[in-house]
Amino acid sequence: MVANSKKFMNDPDAIVREMLEGFFGAHPDIVRPSSANPRAVYALDGPREGKVGLVIGGGSGHEPAFIGYVGKGLADAAVAGNVFASPAPEPILQAARDVHRGAGVLFMYGNYAGDVMNFDMAAEMAAMEDLTVRSVAVIDDVASAPRERRTERRGVAGDFFVFKAAGAASDKMLDLDGVVAAAEKANAATLTMGVAMSACTLPQSAAPNFHLGDGEMEIGMGVHGEPGISRGPVLPADKVADELVDRILAESGAGAGEQVSLLVNGLGSTTLMELYVLHRRVRQRLDDARISIHRSFVGEYVTSLEMAGASVSMIRLDDDLRRLLDHPCRTAALVVA
Amino acid sequence: MRTTLSAADFVAMFHLVADRIEEEKVRLSELDGVIGDGDHGITMAIGWNAVREILTPELEEKSITDVCNLVARTFLNAVGASSGPLYATALMRGGAALKGREGADGAALAGFLAAALQGLRDRGKAEPGDKTMIDAWTPAATAAAAAAEAGALPAEVLRAAAEAAGKGADATAAMLPKKGRSAKLGERALGHVDPGAASAAVILAAMADGAARP
Amino acid sequence: MVANSKKFMNDPDAIVREMLEGFFGAHPDIVRPSSANPRAVYALDGPREGKVGLVIGGGSGHEPAFIGYVGKGLADAAVAGNVFASPAPEPILQAARDVHRGAGVLFMYGNYAGDVMNFDMAAEMAAMEDLTVRSVAVIDDVASAPRERRTERRGVAGDFFVFKAAGAASDKMLDLDGVVAAAEKANAATLTMGVAMSACTLPQSAAPNFHLGDGEMEIGMGVHGEPGISRGPVLPADKVADELVDRILAESGAGAGEQVSLLVNGLGSTTLMELYVLHRRVRQRLDDARISIHRSFVGEYVTSLEMAGASVSMIRLDDDLRRLLDHPCRTAALVVA
Amino acid sequence: MRTTLSAADFVAMFHLVADRIEEEKVRLSELDGVIGDGDHGITMAIGWNAVREILTPELEEKSITDVCNLVARTFLNAVGASSGPLYATALMRGGAALKGREGADGAALAGFLAAALQGLRDRGKAEPGDKTMIDAWTPAATAAAAAAEAGALPAEVLRAAAEAAGKGADATAAMLPKKGRSAKLGERALGHVDPGAASAAVILAAMADGAARP
């Protein structure tokens, strides 16, 4: 396996800026740029008086996360870091200022040391300006730490469900406590496990960012190639799905008669055909467990450049969370009508 | 050899750091590729190249503290990531320790490094032995203090720090990771040097070389 | 460049069936299966009395095309062939019968010899059953034949625009002539050009389906690896975009003051980041030509398994076509609200 | 050697075709990979494997025409693609040419092949020289007619057809493509054999071998 090191790019050092320019040019009906904050994407008609401002963010290279989730009904702003690197505090703080409408701001991001440090520094700086800011770091990756240490877990594709719930809560004009509560509830209800088949190549380097042998896959690998639970020969799709589902079901506590929502997420170069083959087995397993699926999302929601691999995320729903997921939104990556 | 380092010397040292990081970029990313996400060299190079841009002659007129603060903020904003907050905090704390000084002698340099280390620890909450840059910076600060105690000149203090950092970085190969992206790696990280520790050694060696220039 | 030959699959011979099962299990709110026609996907609430039935189809491996474009406001049915192979006449005919509501049926597919033969056979069989069927083969790929022989051109990502226009026309209850006219108008207004960076691997074979050297790209290559216009070293993104736009603009006749819609489409493993970098340049070029963009679509709309590459499609709009593109639809791959 | 072929002989011949196509699958896909989309071997194997499933002993009781029709429909539904309509039409036309016959002699076999060729041409609209399977089937039908004219037995007619098809297939290497996926390839297709022509030779050779069995 050789990662694809051929890319459509000009200057690798300019790739994030050029991506953002391209994004604004493509979706002027959804987002707007700010010359004061070139690393942020603002919702055109998101922020409004009395609404909690939702700022999400993280490293670039995970598109459509995070910029694709900005828009009415979801995030008010996304701050983009360099590829696989948290954004710096300055643009995060600026975004907080810009989306603040008197009801406070919520920062949301995947739980990585870098993101935590940068968003925390921004929150400290915001506090000095008397902006009320709270933070929720998504911790859905079951493979990244045992249950007893779940606050150490990484945030991966489950970001999608947790952001969606918080965005809906904020769009419904819940107050900051209410939005934080919705985010935390979704965060606690969401579990993800992934599997990687190949590495990806960072735009600035010519080499794959990790190595997986021919015919090898790694179960539980993180979206940046962080090592997972086990590495071994490529298994049939149903076996892979079983490994992911077993682990998720064992932890979730979801039982017969309950309802969940599913995300079968592609990491970059895994085909939709394969994702549906995986979904087929995941659904069989949930049917067997008499857990019903309220809504499934299948496709690329949180990627790792052109890595080959997939993840399964499950959010255990109650009426509240279901309503939040079904709440309308209009973003570049997701339209719920 | 100089007995004290001026703001201009700090500017020169940071210049050299930027050069050396650029040279070592690929190696550092490769180290990160083994136990992290493969971007450490790129990240450091982005940051130090941004720093190079602001290292203008006018800056030499400012205080050491101001130079450090400006470098810290520039690095942070260019980088984000883990290294951004860590080094920004370290540089601001180091700079603060030199507040009011025209020039920094050996003891002041040791104080600079001790304050920087404390900044890294406060920001990242990593302990020695967690297989991070802390494992290069901790022995570096200790060695610097010992050298200063023995009356060493600034360049000698930095040299002692750099050598200790290099050894500290090498020693991370035998450690189990506890913090950062490689924390989930466990046993598989054994035998591999931590990229952040390796870049710490590069930075300190560049500073020592910069300080020793005629 | 080595194509990714590791896939999430069970039995390669069962992959299309398993994909479809996964698709139905994921989107029961949008599509339904038919036990009488295991190779077809039916819209849940598409077909209705007096509405022209729209049946689209083609080889599998281009997901989300074609199954992802089935739903209210777009296609009433999609028929899936084997990977990169047209579906057979039997399931196409069955779909025609099943979506027929007294107003006739329109078949739409990309213009490939195999698809033409199979859909034509199905149309002949339908005629014997007194079903009125018309066909429109999409011919958007400017690289596949010179303008004088444009009826020989292949159908690629522009399928998306042409299907969308026809689906909207049928949802607006236009009669068969009206729907055909809308489809033909969109077909004439849509031009696409693509570029490939790597091959893909068919599920049933272990080898890439064609060869592109390290550091090489091919401009004008088709979605199955059909050779294009020129093969050469990988160019900067802006140069690639220029090559595509030059060719499209030269032919389209779109001039200052006009409006178009754009699709920057990924073929499989090209990242969204790169697609936005391409869109950036395409938009600059249209801005320079004072052609305005009504709506842009950026992402994977018609893929070639995990091929790396991209295409740019442009549809020249008038008021009619704009209204058809903006008409609401709800499918697995596209929601317009 | 048989003087006429029965329905059971056709069943046996088609069995052998299925086996040979499976054996040649990779080579045929590789040929298609060079000038097409890489699936021809896979497609043919899917089709002939589906045919194998319906080649039951009961089928031997049916007429040759019925056998051909059932094989045609089975192949078509399993395959689609270009090959599906082409071979389905060919087999239905070939079968129709043998309508009402208990057994097919050499002349009947030549008629079968001529009708099959006409079916391919009607369906695909390709001309000889377009670099398609037509360039194997055309010389095959011609050679079969000549052999039958000379009084050859069925197996000999098929052998003559198979040999001519093989030569015809080889000759496609020198042709510029005009039809099918490779039509856009132009000059670059020169030197490469058309996969559909190659599989035609495989099919006819299998039929000849099947007919020659004791």
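Chains here go by letter, A, B, C and D, matching the order in which they are written, and residues are numbered from 1 within each.
Following the convention adopted for this analysis, contacts are C-beta pairs under 8 Å (C-beta built on N, C-alpha and C of every residue); 3 or more make two chains touch, one makes a residue touch a chain.
To keep track of the chains, here are their UniProt names: A, C = Dihydroxyacetone kinase DhaK subunit; B, D = Dihydroxyacetone kinase DhaL subunit.
As the structure is a prediction and not an experimental result, all values here were calculated from the model.
Enquirer: Imagine subunit A is simply missing while all the others stay put: what groups of chains do you get?
Expert: Subunit A out, touching clusters read B | C, D.
Enquirer: Per the centroid of Cα atoms for each chain, what is the distance between subunit C and subunit D, given in Å?
Expert: That pair's centroid distance is 32 Å.
Enquirer: Please tell me the distance, in whole Å, between the geometric centres of subunit B and subunit D computed from their C-alpha atoms.
Expert: 74
Enquirer: Where the centres are mean C-alpha positions, what is the separation of subunit A from subunit D, in Å?
Expert: Spacing between the chain centres: roughly 53 Å.
Enquirer: Hey, how would you classify the chain contact layout here, line, ring, star, complete or other?
Expert: It is a line, because the chains touch in a row without closing up.
Enquirer: How do the chains pair up in terms of touching? List each pair.
Expert: Every pair of chains meeting the touch criterion: A-B, A-C, C-D.
Enquirer: Spell out the part of subunit C that touches subunit D in their complex, as residue ranges.
Expert: Residues 13, 59, 81-91, 112-114, 117-118, 121, 143-145, 152, 154, 202, 204-205, 207-211, 222, 224-228.
Enquirer: Quick one: in the complex, what on subunit C touches subunit A?
Expert: For subunit C paired with subunit A, touching residues are 1-2, 4, 6-10, 15, 18-23, 25-27, 29, 60-61, 63-64, 68, 197-198, 203, 215, 217, 234, 236-238, 240, 262, 264, 268-281, 283, 293, 295-296, 298-300, 303, 305-306, 308, 310, 328, 330, 332, 335-337.
Enquirer: Any idea which subunit B residues touch subunit A in the complex?
Expert: 26, 29-30, 33-34, 36-39, 41-43, 46, 76-86, 123-124, 179-186, 188
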